[in-house]
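In what comes next, subunit A is part of two complexes: it sits with subunit B in the first one and with subunit C in the second one.
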Partner chain A sequence: MNRGFTQLLKKDFRLMLSGRFFLLVLGSLVLYSCYIHFVYAKVDQAIYPVYLLDPQGRRTAASDYITVVDGRKALEAACGDRYSVGIDLSSGTPEFYLLSSGAGTADHYRTIWAQAVLEGNTEGQAEVIGSNSREMKNRREITAEFLFFELSAVGFLGLASLLFKEKQMGVIRVHGILPVNRTMFILSKLSVFLVSDLAFAALLTVINLGLGPGAAVLPAVLLQAGILSLIMALIGFFCAVRLPDFKQFSLLYLVLAVFITTPVFLAGQTGVSGGWIDFHPMYHLFTAMKDAYFLAPNTKLPYYAACPGTILLLFLLAHRTLTREMAREG
Partner chain B sequence: MKSLKYQLKSIRRDKLCLLTFLLPIVVGLAINLLSGVDFDSLGETSFGVLEGQISQEAAAWLQASGTVTRYGTEQALREAVNEPSTQMIGVLEAGEGIRTFLSGDELEVTRVTADTLPRLYDNRAKEACYPTAIHPASTENEGLKSLLIVITLVTAMFMGCTFNAMNIITEKEDGIIFINRILPMTAGTYMVQKMLLGFLGGTLSTVLTALVCMRIAPAQLLSLFLIVLLSAFIAALTRRKTAGSMRNGASPPGNRPWNGSCTSAEK
Partner chain C sequence: MIEVKDLTFSYGKDKEALHGLNFTVGDGEIFGFLGPNGSGKSTTQKILTSILKGHGGSVTLFGKDLRSAHTQEFFRKIGVLFEFPYLYTNLSALDNLRYFASFYPKEQLRDPEELLEELEFKRDFLRKPVSSHSKGMRQRVSMARALISNPRLLFLDEPISGLDPTGAVLFRKIIEKERKKGTTIFVTTHNMLDADLLCDRVAFLSNGNIAALDTPRNLKERNSNRSIAVSYLYQGKRREATITAPELKGGIPFAYDEIISIHSQEPTLEDIFIQYTGRRLT
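This part shows the complex of A and B:
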């Protein structure tokens, strides 16, 4: 039994190698890491710039937030981004000029901010209660999102493409007459993908968070990555066995990517919560992954009861579908 | 024209082609139904206050500059401020004024706002004593929703044409490629027919999605239509090329393009 399982593992590993799966994973790792290091870690939004037109030099208070312009046209052009605020001092009394950003409250705040800048009222220090810097928060956030995407979409596609290749080669038909346990057949595939996903998760975390913070979150992240990897691999397995060709599968994949992962990303990025999103199963997997990266692992018992239950159910479903498919193939 | 009718008939029978054609339109409808999510509030400053701890005056002042969310306990307020996906500033009343706190991982705009908010509150009596001209923007700004619409339209242009590629692959699988070899039709004619089909499909899909998603002013109609036409043409070309390369790459040895030549062994 053990020998058969080892042989199956070897066969699946070789198939992944020949299908250039590891190359794809490595490419994703490099691409994601470059994006995080060079782009996302530096994402920031500056405070509303204030442009001042002061031909007579009436301004008394100096401020770092003010940029002086030399004409009304230049002032209006500078405020064209709907973000900046203009102050015209040419008539003696300050006149504020701004293009509406679309939100009335934001426009009001921009006005009182420009007024405070003009009067030099910009001192103060708010209390900081968190432990993350902006850069570290960006790194944790985007790494969690990329890992979730990689496991839910790319992992799903990886196993399915492997299985379609085997189907084309007639492997399922051959397995129907070989004395190989079907459970072993599924388990060997799950094992190679699980190990590959865990290695990817560990590398992505350590490269993008750094060795210290990466090691601190790794146990919780690997647990969530393992759960997600098993669930997605089993769904991929079920779909690949059930659907007749890769064309139909690619359409299903598209629907999955658009309708399942997009709302989750929107909710994750904007903090929109409550309502319909609570009934989205992927949302709970995503928040568990994100919480793991922010050192606040999900400890809710229903979640940990539902995950093994789902995995078991999907496994039984995949097993049944494989048995049927083997019977159909003769 | 007659051959185009046959091509349309072939597409009508391919359910996957129709599904890929309809997908962007369905996504467009879904975005329109997203009205339950208030995207406008995403551009506003978000303040979190403690229920019963803050005066009506301070709450009203904050409400004029952003959205105010009330929390029952200080613990809940601190957790909301610490939540990484939000940019919330915690505000507590302190004597005559207010004091603020934040997580420390916010954007610069939020950080500076939190730092300076107590001084702004102290000087609230001076507000609105200067003339302020807030000009409405010339175009509607719907932030994230407009971004989603743009993404959907771009997808529509390419998805509308994916059905063309899907159709070519189905034809290849069904062996129609062999029939084409003996029909009095050149590869060029076939290519033009398929491109025309992709072009029409892409245009139709994008126009329908645009009608579902956008309120278009009559003045913009012509320019938008031109953009759709040109983009759909490029997409049709791309899809034709992709399907063609798939056909050539994935074909069995005998399944080459019907260019009239055959191998020396066959001769």
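This part shows the complex of A and C:
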């Protein structure tokens, strides 16, 4: 049995090589790392600019955060970017002027910041949590997002394309009459993709966080990467065996890609939490990945009960679909 | 070797593909399963190879009920040649054979190079990827895959399809050689000539039922009108005549100057198939 499994592993590895899968993964690693090093690590959004209209000169204290304007029109023009905040002191009582950014919470923070600036109360407004510099925070954040994207979208596609190749060659049916366990057939594919995904996760983490911080988060990151890799590989396996051709698979892939990456863009870029997104399974996988990068690994029992349960369920589904494919007409 | 009793199978409600088949295949026999598309040939073969589950009736292979035979041991004893040459196109012929052979115990295996040589596979292509092989070469590699484990029971699905006449003759020889070794062979085919030349017994399958089952010779004899067609010259003119076997007892019963040809009027297996099933084998 061991010999058969080793042969399956060798064959899957060769198929991945011939499909240039590793080249694609290496390309992704280089591309993501370059973007993190040269672009995202240095990104730092300026704090909300505050414009003040004070024709009577009521405010005497100067502040680095305030830009004085000389008329209402100038104030409104300055706040036209939906990011800056205006304070009109013409009537004696501060009147805040801002165009909504579209997010109520962000608008609220903008107003609070402008009020703090007006009162000269900018010190001690925020509590510094953790020891991350802004650059390290950026690195952890974007590395988590890229890894999630790579494992969920590209990993899923990788296994599916390998299976489509085998389906096209008809060799899946040959395995139906070989003295090899069907479970082994699935396990060998999962193993090669798992090892490849874990290696990718380790390299991406160490390259972009550095050796020390990278090593510190690696156990938790690898655990989450392993869970995500297995889930996505099994979904890819099921879809590739179930769907008749790559065209249909591509359409499904588009729908799945949107579904899977939604929490990345919502939770990662807008900070949305709670509500409907709690029911999105990928949101929990994504936040677990992000928490692992910020040294606050997910320790919730339901999460660790749901993940193996999902993997087992998907495995049984994949096994059943494979058995049906083997019996399909030539 | 194979014993099938009241075999039924349905692909769903009201989609019964097999309606109670009964047949046996003896050790070392070449058994032909003939029928047009959709007659239930492939379904039967898939049940016998344990790929398809959920059949009714009983199927016994190697003396064991098939329902309990879905084990590694069972698959080690069978070899299957599919209608199409299913191979890893990125691997060479040798690598394909080595890969598929790796699932069997070493003591059971044949040498892949010797086997390919026996199948007259071009040596230059041994190490070239299968994607560069012709259909006939792929079919040879597929046959080698089915034979590499020295199976006791060999299932052949359209074994001669995709082969040129030389290849067809070679494959028939190989199949005959396997039978001499004691291998039981179950052939599903459309090709009546192959069935006639190869099979000890044939079963005609039509709409999920066995319409006839016997040796090709018996089937032909039983349905023959026992006559011959004679072409001859008489007084400078070419003529044709049909004579029945009893009429021949006393020699040619008409005057002639020269016999040009004599043809047996024995029906072909295809004629008999049509007679039993009312359908052609297409």
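Everything below uses one rule, namely that the second predicted complex is superposed on the first by the 243 of 330 C-alpha atoms of A that agree within 3 Å, B and C clash if a C-alpha of one lies under 4 Å from a C-alpha of the other, contacts with A are read in each partner's own complex, and residues count from 1 in each chain.
We adopt the following convention: a contact is a pair of C-beta atoms (placed from the backbone, for glycine too) under 8 Å apart; a residue touches a chain by one contact, two chains touch by 3 or more.
Everything numeric here is computed off the predicted structure, so don't read it as measured data.
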Partner chain in contact with A:170 - subunit B first, subunit C second, else both or neither: second
Touch count on subunit A, higher of subunit B and subunit C: B
First (subunit B), second (subunit C), both or neither touched by A:178: second
Subunit B versus subunit C as contact partner of A:247, first or second or both or neither: first
Which superposed partner A:326 touches (first subunit B, second subunit C, both, neither): second
Touched partner set for A:4, first subunit B, second subunit C, both or neither: second
Touching partner for A:14 - first (subunit B), second (subunit C), both, neither: second
Contact residues of subunit A, present in both the subunit B and the subunit C interface: none
Contact footprint of subunit A on subunit C as seen in their complex: 42, 46, 49-53, 72-73, 75-76, 78, 80, 82-84, 86-91, 99-100, 102-104, 145
Subunit B residues touching subunit A - in the complex, by the definition given at the top: 16, 19-20, 23, 27, 30, 36-37, 40-45, 63-67, 78, 81-86, 89-90, 99-109, 111-120, 123, 126-127, 130-137, 140-144, 166, 169-170, 173
Sites on subunit A touched by subunit B in the complex: 44-48, 82, 93-103, 105-109, 111-113, 115-116, 119, 121-134, 136-137, 140-141, 245, 247-248, 251, 254-255, 258-259, 266, 268-272, 275-276, 290, 294
Subunit C partner contacts - residues on subunit A that touch it in the complex: 3-4, 7, 11, 14-15, 18, 169-171, 173-174, 176-181, 326-327, 329-330
